[in-house]
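In the two complexes that follow, subunit A is the common piece, with subunit B as its partner first and subunit C second.
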Partner chain A sequence: MPKLTLEELAKVREQARKKTHLREGGEVRAKVTVHMGTCGIAAGARTIMSTLLSEIESRDVRDVQVTNSGCAGLCSREPMITVELAGEAPVKYVDLNPDKMKTIFAEHVLGGKIVAKYALGIGSEKTDFPKE
Partner chain B sequence: MEDLSLHILDVAENSVRAGAGTVAIRVEEDSRGDVLSLEIEDDGEGMDETTKKKILDPFFTTRTTRRIGLGLPLLAEAARAAEGRLSVDSAPGKGTRVTAVFRRSHIDRKPLGDIVQTLVALILGHPGTHFVYRQAVDGRTFLFDTRTLRVELEDAPLDSPSAISLIRKRLQEGLASLRRTT
Partner chain C sequence: MPEKHAETAHRLHLMVCAGTACVSNHSFAIKDALEKEIRKHGLENEVLVVTTGCNGFCERGPLLVVQPGNIFYQQLTVKDIPHLVEEHFLKGRPVSRLMYTPPKEKKPVPVLSDIDFFKKQVLIALRNRGLIDPEKIEESIARDGYKAMAKALTEMTPAQIIMEIKQSGLRGRGGAGFPTGLKWEMVRNAVSTNGGGKYLICNGDEGDPGAFMDRSILEADPHSVIEGMVIGAKAVGATEGVLYVRNEYPLAVKRLQIALAQAREYGLLGEDILGTKFSFDIKVHRGAGAFVCGEETALIASIEGRLGEPRPRPPYPAQSGLYGRPTLINNVETWANVPVIIDRGSSWFSSIGTETSKGTKVFSLVGKINNTGLVEVPMGITLREIIYDIGGGIPGGKAFKAVQTGGPSGGCIPADMIDLPIDYESLSQAGSMMGSGGMVVMDEDTCMVDVARYFLSFTKDESCGKCTPCREGTKIMFDILTRICEGRGTEADLELLESLAPSIKDSALCGLGKTAPNPVLTTLRYFRSEYEAHIRDKKCPAHVCRQLNTYTIDEKICLEAGHGCDVCRRNCASDAIRGEKNTAHSINQDKCIKCGVCLDVCKFHAVKVE
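Presenting the complex of A and B:
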């Protein structure tokens, strides 16, 4: 492998220092988990991961943690991710594509507002209230 | 699975879940011998004989979230379709090595696909695991090792935006050098 240039090293270290500082202050904004089981991969989880990483890179976001997990048992709803904002309940998003991923990143991960239409379990057991 | 890089991602995810500290991935192409081989080797917990016998059965899985495990059966089928085969070496405490061999020119041999995306997804998704990637094309070799990268980065984490770009760039340049005709 070619050697790192000093500028490259300085840049990575500076970002890392800021990130560590944020973590120590308990200020990691969010953790995003991409479900990477056989089912998820076959359905496009890797593209979702790449979209997520590109968003982090292009927006230069330093306080979001990314991780992979396995199958969550809902293979027919893959690709799936779980978004967990610091101090809030984790939200699972299902049937994803790159556009939905970008929307979720902008609105939920960065904006703090759950994207209800892509989330699992919101509105799945609808009650038909009697009309007056 | 559309291509081999997705199978590699799938098998390597198994390695991580088996508690591997290091996952070594090797891809070798030999056009004269008409062979393409993949190898994913880990130092995870390994499997006993009984488990090893069952892993190619799609109705077996170690997971509890579902009852079917298709990862290795799908790769075995992909190898068979291209006049190749899959073999698994494993023992408890000794890790696991999965090898898939294909006839390179076979019309049903899946393309290698996007190795960069696969490696970036693994490295960034599992910052606690080391990954070693070696690809050889007719004797020309490219080696990528996250341990070497970590030493160069002086233990700065790999998940900052600039490190992601750096990893991607390194991989793209390295793989391009394999295809260059001189």
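Presenting the complex of A and C:
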């Protein structure tokens, strides 16, 4: 490891923050849930997840939370995701592939506009912490 | 594609506490189990396991905090992990069974920041608590580590640094509360008489029973201490530093050595730091664990390879310290505060706290309290807030009796002073002291004479023996207290204690002897009636001093509940119990040696103590 200069220290800080910003809390713009039941995984949900994570990383987005859930109950339309913008109703997307995922990420998650052609509908089962 | 991102694009970070308390509760086994289950489910590119320093809520360890979301899991066992990984990390359903449920409540509190223990805390010295892996310098840098150092080295003059520390109002966190900026200025202005440079020391010789603040800081965030020291070195013009740590703190020593090596590799320590031409390096000195070595002159003697004994001051270490050179010595927590003051400014720091005591203080909260752990609170917070809001009150529905602050050098503050705001002045007016931050909570079952005796037995053993008042005085006070506890005390003993204690305080050589009488003086001041009960009535009101107890057996309970189970008779060492199976038992007081075994073994509460 070469010795750092002042500028390099700032660079190391920025690089390191990319890896640790998840821990810092703060406002979340959107929550994306990838449905990863056996059916989802078999249909390619893993690729959807890694596409999503790499989009977040390459664009250095720090306020989108990624979570997953089990089977959403509509196994024939997997892979599926649910996009929940802060303060808005969740939207479900079906029959996904990496390209569709990228479009949804750019237009809906970041742009705030629902991609109607890939959407199943508005509304979702609750993925929050159970009440009791 | 996943391979490319294996290093970075995780969606969850699992922050496993690896402070000493959680480690001894097998948190490394939890970490291994987590990693194994995560691999089993193919989540290794999505979920990252991080080991952090002490989270603070030691009572509930081993601990795991899930980020983002700040979900707090506690008292985990390896058995819980497969279920947890499958439910929460694979299926996205947090497991409420493993969350924290406050005493007397039924619903768990999932989010860490909603838990009472954490709510009232303000983190400065512990700012990176639970958020970084202490063995990875990058994680510290991500949390602004070495940013203040860079500022101090490139933008500030030594005078400006000292002015900033002075204006912040920071006072030494090791015990005496000396203004830090003033001390720095003294070292800055001191001229080395033997031609060498100046030294800088971090005092990590934490020896109070029940105190673990410094250990936790060194284990959880060693870089904050190193950074503080480099800033101090620039301010006073020191080129060499020593980190004095007890050898009983192996994890702290290990993490410090890793941190020092990483800082050197990055050029943040050693020659020409950050290309600024300023050079400073630190070595770790492991102490053998003598309490008196926390005293600065004894600590310096110990580093020099001499017997760990204090010497008269002046000259103060600021004039003539390590190897006779001007030496700046501050405590671990003080050093950890320094970077934040430089980074955020003295006016921000001094906005926290009271008129005379600025900032925060870390306390290790132990004893008869529900939430044992490490807390950092703003100065001026009341004892009530610490004990009831953060500490969750006294377990088992018992009454709060007193709190001991400042370790063996401190005093006991009684229950009716529970609204006392905590700062250096209020604690010393109450006869106690801030000390390094030990806080031992006592309930109604505590005998205050016995407590004073316990602390005196500690200081008596730890007295180095160099000066007579401490060597002989602590021994005599201990003997008097022992007499009183055994029912052989007289009224004259109280007078003797009252005249002896102040003269030891006045005449002892160092802080150890000067403060050793404090537990006696405060218990006499606030709990005099307990001393009198021991002396006049030959009774211990809390039933702790067994020699003063009378043990009897309630024959009705013995026969009806226990059917004369005979366990007490078989365990009695002095054949003092009469009776046989299925008959009521009784104690022959002439033979009874008051060992209390019958009380301990009786399952039916038939043995009574008065």
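One rule holds in what follows: the second predicted complex is superposed on the first by the 94 of 132 C-alpha atoms of A that agree within 3 Å, B and C clash if a C-alpha of one lies under 4 Å from a C-alpha of the other, contacts with A are read in each partner's own complex, and residues count from 1 in each chain.
The criterion applied here is as follows: a residue touches a chain if its C-beta (ideal position, glycine included) is under 8 Å from a C-beta of that chain, and two chains touch if they have at least 3 such contacts.
Please read these numbers as outputs of a predicted model, since none were measured by experiment.
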After lining up the shared chain so the two structures overlap, which partner does A:6 touch, if you call subunit B first and subunit C second: first, second, both or neither?
second
For A:70, is the partner it touches subunit B (first), subunit C (second), both, or none of the two (neither)?
both
Is A:46 in contact with subunit B, with subunit C, with both, or with neither (first, second, both, neither)?
both
Is A:102 in contact with subunit B, with subunit C, with both, or with neither (first, second, both, neither)?
neither
When the two structures are overlaid on chain A, which partner does A:36 contact: first (subunit B), second (subunit C), both, or neither?
both
Report for A:28: first if it touches subunit B alone, second if subunit C alone, otherwise both or neither.
second
Contact-wise, after the overlay, does A:56 reach subunit B, subunit C, both or neither (first, second, both, neither)?
both
Starting from the residues of subunit A touching subunit B, keep only those that also touch subunit C in the other complex, and list them.
1-4, 9, 12-13, 15-16, 19, 36, 46-47, 49-50, 53, 56-57, 65-68, 70
In the complex, the residues of subunit A that touch subunit C are 1-6, 9, 12-13, 15-20, 22-25, 28, 33, 36, 46-47, 49-51, 53-54, 56-57, 65-70, 127, 129-130, 132
Which of the residues in subunit A come into contact with subunit B in the complex?
1-4, 8-9, 11-13, 15-16, 19, 34, 36-39, 41-42, 46-47, 49-50, 53, 56-57, 60-62, 65-68, 70-73, 75
If we count contacts the way the header does, which residues on subunit B are in touch with subunit A in the complex?
1, 6, 9-10, 13, 16-17, 63, 65-66, 69-71, 74, 114, 117-118, 120-122, 124-126, 143-145, 148-149, 152-154, 156-157, 159-166, 170, 173-174
Which positions of subunit C touch subunit A when the two form their complex?
1-2, 4-5, 7-13, 15, 42, 45-46, 67-70, 90-94, 96, 107, 110, 131-132, 138-139, 141-144, 146-147, 150, 154, 265-268, 272, 274-276
